[in-house]
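Each structure below is given as structure tokens.
What follows is a pair of complexes built around subunit A, which joins subunit B in one and subunit C in the other.
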Partner chain A sequence: MVLIGVFVYGFIGNTVWTSMTDWGGSGSLALDPEKHFIGLDNYVDLFTGFLSGGFRQDLVNAVYYSLMLLGGAVGLGMFIAILLDRKPWGEGFLRTVFLYPMSLSFIVSGTIWRWLLAPQGGVNVLPTYAGLKPLHFDWLSSTGAVLVFNWQHLFSVLLYVAAFFMILLGLWGMRHDPRKAIRRWLVPGIVVGAATWLFGGLLPDALFMEEEHGFNLATLGIIIATIWQYSGYTMALYLAGFNGISQDLRDAAMLDGAGEVGYYRHVAIPMLKPITISAVIILSHISLKMFDLIFAMTGPDNAETGHPALTMYLTTFRANDFARGAAIAVVLFLVAATFIIPYLVSQYKQRRRG
Partner chain B sequence: MADVELRQVVKRFGKVEVVPGIDLKIRDEEFIVLVGPSGCGKSTVLRMVAGLEGITSGEILIGGRVVNQVSPKDRNVAMVFQNYALYPHMTVRENMGFSLKMRGESREDIATHVAEAARILELTPYLDRKPSELSGGQRQRVAMGRAIVRSPDVFLFDEPLSNLDAQLRTQMRMELRKMHLRLKTTTIYVTHDQIEAMTLADRIVILKGGDIQQVGTPIEVFEKPANAFVARFIGNPPMNILEGVFRICDGKRFVEVGKSVFPVPDGRGAVLADGAPVLAGIRPDSIKMGDSIEKLPREWWCRGEVVVSEVLGGQSHLEIVIDGENELIAEVEGRVVAHPGEIVPIGFEFDRMALFDPETTLAVD
Partner chain C sequence: MTARKFSPGSVLLYGTLALLALFFLMPAYMAVVTALKLPADISLPTAWEFPETLNWASFSQAIDLLRPAFVNSIILTLSATAGSTVLGSLNGYVFAKWKFKGSEVVFTLFLFGMFIPYQVILIPLFQTLRAMHLYGGLPGLILAHVVYGLPITSLIFRNFYAQIPTALIESARLDGAGFFSIYLRIVFPLSVPGFVVTSLWQFTQIWNEFLWGICLTRHADNPITVGLAQLAGGQAVSWNLPMAGSIMAAVPVLAIYIFLGRYFIRGLLAGSVKE
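And now, the complex of A and B:
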């Protein structure tokens, strides 16, 4: 316990403290470097500083990256698991095939995918085998971006997103308990959305200048590679879960008229909610810590595919700006916490109820 | 409501023939109980009727319609499983309403049907609980509720009470009986509990190795077992079966078992010749002691030594030896006092004795 206290929480504390100093620059590698407490300046600079646009892009990247990885790996893994759960011919062999990518190190798979996604190789030439024209998509070096928004309007964008999800939740909840759904989610969601639209201009600008960020198409290649690597893992999780569901339950669902699709939709997948939650937590972690794969696929200095963890490494150990590196680490830590804390809270509530 | 018919139904798993070809007609509103030793194919037969297991050959008809190619959900049968198979993530209400929801019924209809079923089964206070928050008996009732909400043509039960303790089992048995009297839904019920079979069934089907040994009312299979297997399987304690020789002497007919002589009343064993080997079956409860032997003819009396006695309260099970060599189990009234080692007068209801051919083990009329 003491060791855990020292090594985990002590180091977190130390990092937080470091992030509030000005440790960095020319004298930073001295035996006894000068450190001055400067409060939250590092954070302010990261989010609003003129030269930190790269970090902001990284953060946006990380968010898109996490969302797509979650959707992709969970969705694909579940889909393959369902196919395998139907006990096709050669199930055991196929399972190994799908699980295999997991055992590769990111550096190896990164290199494989780098080659596959190279402008003139791999995936782009696939259509030529079918007599079609080759693709000309620059998977890893495209400079295009979609879903662009202005960092200046960060607050309104966040509010729109929040409103969107509240309305979505509300509509979804309508089926169970319409009154509660309307009161809790739908009405506040609409109010927030409308208010942002009407009075969004009053919100303070997050930045003194226009700065566009969006989903860089170049990250697509990395996302595909990660999904490829991790859907085997989610597949294994789901397959184990599906196998654990008793045959009787499946039979009962068939007699109740659920059919194959209904069985998975109403019985099997809801029953595996704990697995989905762990998969989401593990994957969101991985995506936040993603480092080696990006390093291997596009190298450390490709701004389009930057990622906070990578930037943190570069800032800390290449630029020797320890304080800023620590600040990035703390931001990542907080983002990770926003994924996990709701889970812990719900677990705690359930424990108390049960 | 529907009748069910099995015509030459065969089931093979790979090369293993589990059901060699059975014929069975189940009338509308009938309560049929399938019994048999473990692994004899009871569950398999049930699952074939449900459509959960394909049949290798033959035909299954429900309500006069051949359902070989009909999927389980379109057969309109409901099944209650031994471990209940409730959906753990759904509340009792959702569990019971699930089949209606899948059939696209309106929310109001589902609510009415679920409320009605919950009322019958006294589950109303538990509707918003999850199965994990219920006792075994309550779960059992939810499983039944899930079956009755959609008014199926046929109920299938696979040992539904075997996970309950003895007291609850007795209570649920009564409720099942009442439920059937009220709903009159054709029912096929698998059990290996003797008492369940005897008390619930309109007719009992005894299976062995996937083959039907006998179909009959509880009294028929008890009093007139079709073969020695049924005789031993039905009834507890099991029937005493002794190897003997059939004799006709001075117009009197009897079975000789060692030194013992069991008279055969007129009209029985008519096809047997003198000296034919035969199995004599004597129900433990057809052996009498104490006052009740007075009603029996004198020549059906003899003396026996009590070896062991098990007092159960209402009755006692005794192991007795007659003529110094033939061991018999007797079931006598509890108030008859018999101590081990005592020699007591006993009487036999020989008119209830069953005779079997030792070769085929079939009953001999």
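And now, the complex of A and C:
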């Protein structure tokens, strides 16, 4: 226990401190390197520095990557679980097939997928077997990007996204409790959106120059590989959940006139909300520290597919810039902590009650 | 369930399942086919076709290249699994049966160690191991895996021991048995399934780990994942070797998964859905 105390909390503290020094450059590998306290300069530089555009691209990538991985893996896993819940012939075999990628190392799957997504082969030539033309998509080397925005406008973009989700939540809540939905989500959402639109020009620029960031198309290949590897995991979670729902409840729902679709939509999936929450937490945690797979698939070759976890490694151990690496790690850690701490606290409260 | 025969619904169901199964098996097929080809026969347009002549030489070549890393991985995985499992079992025993004031808080703080992105502890870990003269070799890597494996192993064991009736422990305590004698005489013999689940889980995790492997070991002590990444990393490689290497790196964990899949899945579920 003392070990964990030192190795987890002590080390986090140490990294935070390192991130505020100028440790790096030549001589940084000496046993007792020179370090000077420089406060938050590393963070300021990461977010506004002229040469740190790569890191900002990484952050944008990580956000898109996490969202698509969550949607893809939870959606596909749930879909397969529903199919298998109908107990088709060969269910055990199929379950093995869907879950085996989970047991593989990211390095193994990354290597194989890199070959599958090679520019003139693999997946791109598959359509020729059906008599179609081959695809010409640069899965891993593409540098094209969609959903581009200017980092200067970061604050207004964030506000627009917040407004959009508030309005969405409001519309969704209308069915249950229209008054609360309007007061809590819809009206504030519209106000925020309108205010951003009207007074957005007054917001400070997040950067002194124009810098475009977007969803890099080559990340798509990495996302497909990750979904391939992890949807079996969500499938196993949901299958275990579905099996835990009693047959009586299912029959009762059927008697009440719920069809198959209705049963899953109104009974089974709402009942498994805790499972969905765990899956989301675990998957976003995985996507935040995603390093091995990207390393094996595009590696340092295509900087456009970068991810903070990968950049942290490259900055720290290839460029020996320990302080900057530490700063990146702390950013990652803070992002992870924002959703893991509430999760652990709720688990803790559950245990107290239980 | 009513028996359905060839209704449109079941055709759709099996069709979808078959397509999905193909999608999931595609990479495995590709790896095997490519590994069995002669280097000269590998070309992008014919990547999907079955090789005309089977070439097993890639495997022996890959084995030659990866043997040191493979051996390292076996030593690393076995000792780190054993260490973290035994310590995790003791921890789980404390958290489940010797609750002290604030033990739930400590447990929650403990679990947090499972969820941190390991990048955030990487630099101090690197420094500490170097100061302890453990950097670069296997012992340092083993130590790291044992320590950071503790949260998950403690969690699995704690949930497992929660099922052992407390009355059993209480009565043993009344008979004058102490902490360790209760553990050895009562808890340990009951925890064989727990040990199987936990050690299989740790085995696959440690076997597949890459970040620490690449950051904390020198070339001679690289585990298999690092060896494979280097084998596949060069630009001019012919793909039969990395594919054979991938299969080699995958076989131990795949074997566990296929033959002991039930326990593996239990570890998987324990790692996520608590209570």
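As a working rule, the second predicted complex is superposed on the first by the 337 of 354 C-alpha atoms of A that agree within 3 Å, B and C clash if a C-alpha of one lies under 4 Å from a C-alpha of the other, contacts with A are read in each partner's own complex, and residues count from 1 in each chain.
Just so it is clear, a residue touches a chain if its C-beta (ideal position, glycine included) is under 8 Å from a C-beta of that chain, and two chains touch if they have at least 3 such contacts.
If you're wondering where the values come from, they're calculated on a predicted model, not measured in any experiment.
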Which partner does A:326 contact after superposing on A: first (subunit B), second (subunit C), both, neither?
second
Is A:336 touching the first partner subunit B, the second partner subunit C, both, or neither of them?
second
Determine, under the contact definition given at the top, whether A:261 touches first (subunit B), second (subunit C), both, or neither.
neither
Subunit C versus subunit B, contacts on subunit A by residue
C
Partner chain(s) touched by A:273 [first = subunit B, second = subunit C, both, neither]:
first
Just to be sure I read the superposition right, which of the two partners does A:248 touch: subunit B = first, subunit C = second, or both, or neither?
first
With the two structures laid over each other on chain A, which partner does A:317 touch: subunit B (first), subunit C (second), both, or neither?
second
Which part of subunit B faces subunit A closely enough to touch in the complex?
47, 50-52, 71-73, 77-79, 81-83, 85, 87-89, 98-99, 102-103, 146
Hey, which residues of subunit A end up touching subunit B in the complex?
246, 248-249, 251-259, 262, 266-267, 270-271, 273
Hey, which residues of subunit C end up touching subunit A in the complex?
1, 10, 13-14, 16-17, 20-21, 23-28, 30-31, 34, 43-45, 47-48, 91, 104-106, 108-113, 115-125, 127-128, 130-131, 147-148, 150-151, 204, 207-211, 214-215, 225, 228-229, 232-233, 239, 242-243, 245-246, 249-250, 253-254, 256-258, 261, 264-265, 268-269, 271-275
How about subunit A: which of its residues touch subunit C in the complex?
1, 3-4, 7-12, 14-15, 18, 31, 80, 83-84, 86-89, 94, 96-109, 111-116, 118-122, 125-126, 129, 228, 232-233, 236-237, 240, 274-275, 278-279, 282, 285, 288-289, 291-292, 295-296, 299, 309, 312-313, 316-317, 322, 325-326, 328-330, 332-333, 336-337, 340-341, 344-345, 347-348, 350-352, 354
